[in-house]
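The same subunit A turns up in both complexes below, where it pairs with subunit B and then with subunit C.
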Partner chain A sequence: MSIIKRKTVVWSIARKEFFHIIRDPRSLTILFLMPVLQLVMFGYALKMEIQQVNLGVMDYANSPSSRQLTDYFKGSTYFKPFDFDASPDRINDLFKARKAHAVMVIPFNFDRELERDVSIPVQFIIDASDANAATTIRNYISQTLQEYNEAENRLTSLPFEIRNTIYFNPDKKSTYFFVPGIIALLLVMISAMLTSITITREKESGTMEQILVSPIRPHQIILGKVLPYIFLAFSIGMVILLIGIFLFSVPFQGSVLLLLILSTLYIITALSLGLMISTIAQTQQVAMMLALIITLLPTFMLSGFIFPIASMPRILQYITYLIPAKYYLFIARGIILKGSNLLQLLHPTLYLLIMSLVLMVVSIRKFGITLEK
Partner chain B sequence: MIHKEFRQIFRDRAMIAIIFLVPVLQLLILSYAITTDVKHIKLSIIDYDKTPFSREIVRAFSHTERFDIVQQNLDLTRIGDHMRAWKTQMALVIPPDFSKDVQRRLHPSLYIAVDGVDGNTAGIALGYAQAILVGFNVELTTSPIPASRKKPFHLVSMIERMWYNLELDSQQYMVPGIVVILLTIIPMMLSAMSLVKEKEIGTLEQLMVTPLRKHQLLLGKIIPFLILSYVEMTIVMTVAILLFNIAMNGSYVLLAFLSFFYLLTTIGLGIFISTFTNTQQQAMFVAWFFMVFGIIMSGFFIPIENMPEFLQKVTYLNPMRYFMTIIREIFQKGSGLRYLWQNSVLMTIFGVLIISMAVGKFRKRVS
Partner chain C sequence: MAEFTVETEKLTRRFGDFTAVSDVSIRVKKGEIFGFLGANGAGKTTMIRMLCGLLAPTSGKGTVAGYDIGTQSEKIKQNIGYMSQKFSLYNDLTIGENIDFYGGIYGLSPASVREKKKRILGDLHLTRWEDAMTSDLPPGFKQGLALGTAMLHDPSIVFLDEPTSGVDPVSRRAFWEIIHEAAARGITIFVTTHYMDEAEYCNRISIMNAGEVIALDTPGSLKKTNHQPSIQQVFVKIMKQQDKENVHN
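On to the complex of A and B.
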């Protein structure tokens, strides 16, 4: 077969598949609408910042300086302190009724310690049933105490000072961090689901036999089938990228062109994943379930979308190397939030490239074997 | 009728495995990943001082698993570039003559630069670093100053007590949540799919012409799902408690009792879905949509308190929210009905409403 003819074969399969997609406007609407809805819902719901921590204050000292400490917590945006004049064994009731997240206990000798000691301990009891919230609350408390200490010791200066600079996201807003993650999650899910049913559909409806008797080569079918989906997934990706960045006013630092190119690479990786599922599964239902199982939870939990990979158990950390979204997150967050260039993102880009090539080759091989049977 | 339903459920083993077993296993295993605890922060050190004191500071950072020192003596101007390439998250800069200036009481400054893209991690990392450095400040002031002089400054420090979960193990919180998700997926999907399947292959009409009463028909559908849900719940809880060391501090009876009212909701939703879908695939899609909405708005991953005001109000429409609170409070705090009655009442109202609406709609469709 000549090169030109080979190209036309791929092209005509792509055209057929393309018309197959746009013929069904209802599915097309669902394909565009569902991710947008989920993006908006996730974008607003995902917040690391606990709005206000209810802090019970047991002030045994009841002195001007102890009240000053309480006032300092009142002035902070993190806390909503309230007086809790009760015996310590009532704290349990307080937590069970979910009226407070934490209790601050100021000892009766607070003033005396203040005069004598360098370090004055104040006890904080935290409801740690939600371990992650407890970590955040602890963090808020130590930040607030730090500010309090700085404010109280202004006259006598410390041996040395500590100055911070926060790069790229000075307000530490979690939404900026999450929007690229949501986009990564939605893109991989949609792309994988889209292609996962393409070949199984032919298997189910029996049109596979027709392809079998035609002189078309496996890689031509695969390429022809993937092309229109790259286009479709790319358009969906554009829509959610635009909405995500503008709706949540994420500051865009880097090169738009680079983001588009690397997003396409990510989409191709996800589509190839779907293709591989498609060659394995026998029915559309199984294919879709498989696509969901492989993409949804692993991407959500293991890509670094919300939970830092470095804190996970070793074994899970190794599994994260298989998650395409992990690399896309480095890319998308790097370009959007930090303005990284291609050289700085070389590693994740190469990983995605290799991953998509391997998946593509495996599915073509696998597909070829099914054809020969 | 009940007997027949059970047989039907168990016939399609492969599908059951995919729908139920795999997500359960995934959730149990992946719940290890759920931690916002911050460890192994990639730290670069830029030490221009190079004295025993500055090395002591560096050593303090290298002796904790919270920091991994990835780079020594980085060029100051390259910090931003290293962050852009994700090679470092934090840089500690010790300026020249730092220890000399400390000794001369010139109050020099130390500089920390942190990548703020992940705001939560950045905040925690800064907290860790400052805690270490403040430690040096305290040490410097306590040791060389003669006892006769008044202490020059006072630092209020935190003594933390973590209740109900000493080790800050997030699984204690997530695994009971998984039980809720299970008691949602299984009854909802099974009842929706089984009714739609009868519709699809036309056996619903056959059942209709038999002398079975309509409520008998529905009961025959509902009871097996109730039993199956309880069995699944027992299995998962046994696995959770024995294998994952989840502490159960509350009453099993209360949990089983309140689960019944939640199951009314989820089975009701399943029947409801079956009335307006025609194929199993459609039913599955709709059920998935309910699931995603329910999970996000239940506080399973994201605490409801973190959400904006209007979304918090939306969560009151989500029955899963109430059961999520109930099950976690029972497991972790051993709370009794005294603390949970509000959630229980609201959940029961939802359960009764949804199942009676679903049954009503089903009857109308049938007749």
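On to the complex of A and C.
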């Protein structure tokens, strides 16, 4: 077969797949709407910050200074203090009823101690049933206390001062960190599901046999089938990226072009994964389920989307090397939040490139085997 | 090209312990309509799959359109047409797009696809329906269109695996007319069927049972040697003989 003929073959398949896509407007609408809805839901729900800590105040001093300390907590956006006049053994009940996250106990001798230049024991009791929240609350408390000490308690002298400069996300907003993760999750899920049914659908309808008796080569089918889906997944990806960045006003530091190119590479990796599933599964339902299982949970748990890879057990850390989203997260977070360039992202880019090539070759080989039987 | 489009010698295919096709030697002449009869599971489909290059034979050898089925399956695929009982066209493509697609995967030039499309649609009286959705076609027309696309690349032989199952008698009649026209143009037809009346339309028929060819002749001679008025009765008689032999063995 001449080169022109070969091109015709791939083009014919791509064109036919394209018709399948546009002739099904219902699925197409779902394909665009579903990720947008999920993005918005995830984007608003996934937050690590704790706003409005309910703080019970047991003020035994009840003096101007102690009230001033309480005012510092009232003035902070993090706290919602309320007076709690009860015996100390009622504190547990307060936590059990979830009425307070923390309790501040100011001793009766607060004023006197303050003037005598000794450290004043103000007690904080924190509900640590959510360990992460407790740590955050503790940090908020120290921060507020530091502000108070600096302004009101001139007698405390600090041996040295720690000043933090926070790069890339100075407001420490977890949304900025999560939006790229949500994008990574949605892209891999949708792309893999898209191609996972393309070959199984033809196995079910019987058209696959008709294609198999033609002189077509496995790589032509695989190429022809993946091409139109690159465009489809890319447009869905654009929508998600735009909404994700603008709706959550994520500051964009890097090159848009680089992000688009590397996102396309990620999409191709996910599409190849779907194709490989399609060559293994016999029915569309099985293929869809497989695509979902392989992409959703591993991406959620093992890509570094929410849980840091560094704090996972060693075995799980090795498994993360197989998760495409892990590399895309390096890329997306790097470009969006830090403005990384291609050279700095060479590693994850190469991994994705190798992964998509391997998946492609495996799909072609697998497809070749079904041909011979 | 050889005188025979299909020539096999002791062709055998086993799946584990089960022998689906056993020592089948047949010869099909160019332009012949060759009927392949047999009960379900007799080995017809396995036979066709081997001849189409979809399945490698366990032993024996054969040629299709002059090419070896063991080693030249790519060449064979370029020269055969195939149509199965499952509807092989895409329902969400228009009639024209289906023809374009199959023309494309056989590497035909756009000009030649256009010309072939015109002829196929003309033969089926569907010229005005080129842009209609394939799903809207009545079953008889679908079958005709599928046969047309299976012969788009001018194959020297067409394999039809129960092409008329689920089609009404009038459409079946029309379908067989297309087959006869194709045979008249020199295309060899290799057809399996459940309908015994269709067997009468074939030039020669072979009857398969348990992987072996147990009868092979023209419909006329088969009826004469078995003293039966129709192929239906010939088939029933031969099958009964087989059962008896099996019992005696």
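Here, the second predicted complex is superposed on the first by the 326 of 373 C-alpha atoms of A that agree within 3 Å, B and C clash if a C-alpha of one lies under 4 Å from a C-alpha of the other, contacts with A are read in each partner's own complex, and residues count from 1 in each chain.
The rule is simple: a contact is a pair of C-beta atoms (placed from the backbone, for glycine too) under 8 Å apart; a residue touches a chain by one contact, two chains touch by 3 or more.
Everything numeric in this text was worked out from a predicted model, so none of it was measured.
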Scan A:Gln344 for contacts with subunit B and subunit C and give back first, second, both or neither. first
Have a look and say if subunit B or subunit C is in touch with more residues of subunit A. B
Quick one: classify A:Val362 as touching subunit B (first), subunit C (second), both or neither. neither
Figure out whether A:Ala128 sits in contact with subunit B (first) or subunit C (second), or with both, or with neither. first
Mind working out whether A:Ser214 is in touch with subunit B, subunit C, both or neither, as first, second, both or neither? second
What is the contact status of A:Phe95 with respect to subunit B (first) and subunit C (second): first, second, both, or neither? first
Which partner does A:Leu46 reach: the first (subunit B), the second (subunit C), both, or neither? first
Examine A:Asp24 and indicate which partner it touches, taking first as subunit B and second as subunit C; both and neither are also allowed. second
Listed in rising order, the residues of subunit A that touch subunit B in the complex are 38, 41-42, 44-52, 69, 91, 95-98, 114, 116-136, 138-139, 141-143, 145-146, 148-149, 152-153, 156-174, 176-177, 284-286, 289-290, 292-293, 297-298, 301-302, 306-308, 310-313, 316, 330, 333-334, 337-341, 343-345
Subunit A partner contacts - residues on subunit B that touch it in the complex: 15, 18-19, 22-23, 26-27, 29-30, 32-42, 68, 79-81, 83-86, 98, 101-102, 105, 107-124, 126-127, 129-131, 133-134, 136-138, 140-142, 151-166, 168-170, 172-173, 280-281, 284, 288, 292-293, 296-297, 301-303, 305-308, 311, 325, 328-329, 332-333, 335, 339
How about subunit A: which of its residues touch subunit C in the complex? 1, 5-6, 8-9, 11-13, 15-16, 19-20, 23-24, 205-207, 209-216, 371-373
Of all residues in subunit C, those that touch subunit A in their complex: 52-56, 74, 77-78, 80, 82-84, 86-90, 92-93, 97, 100-109, 150
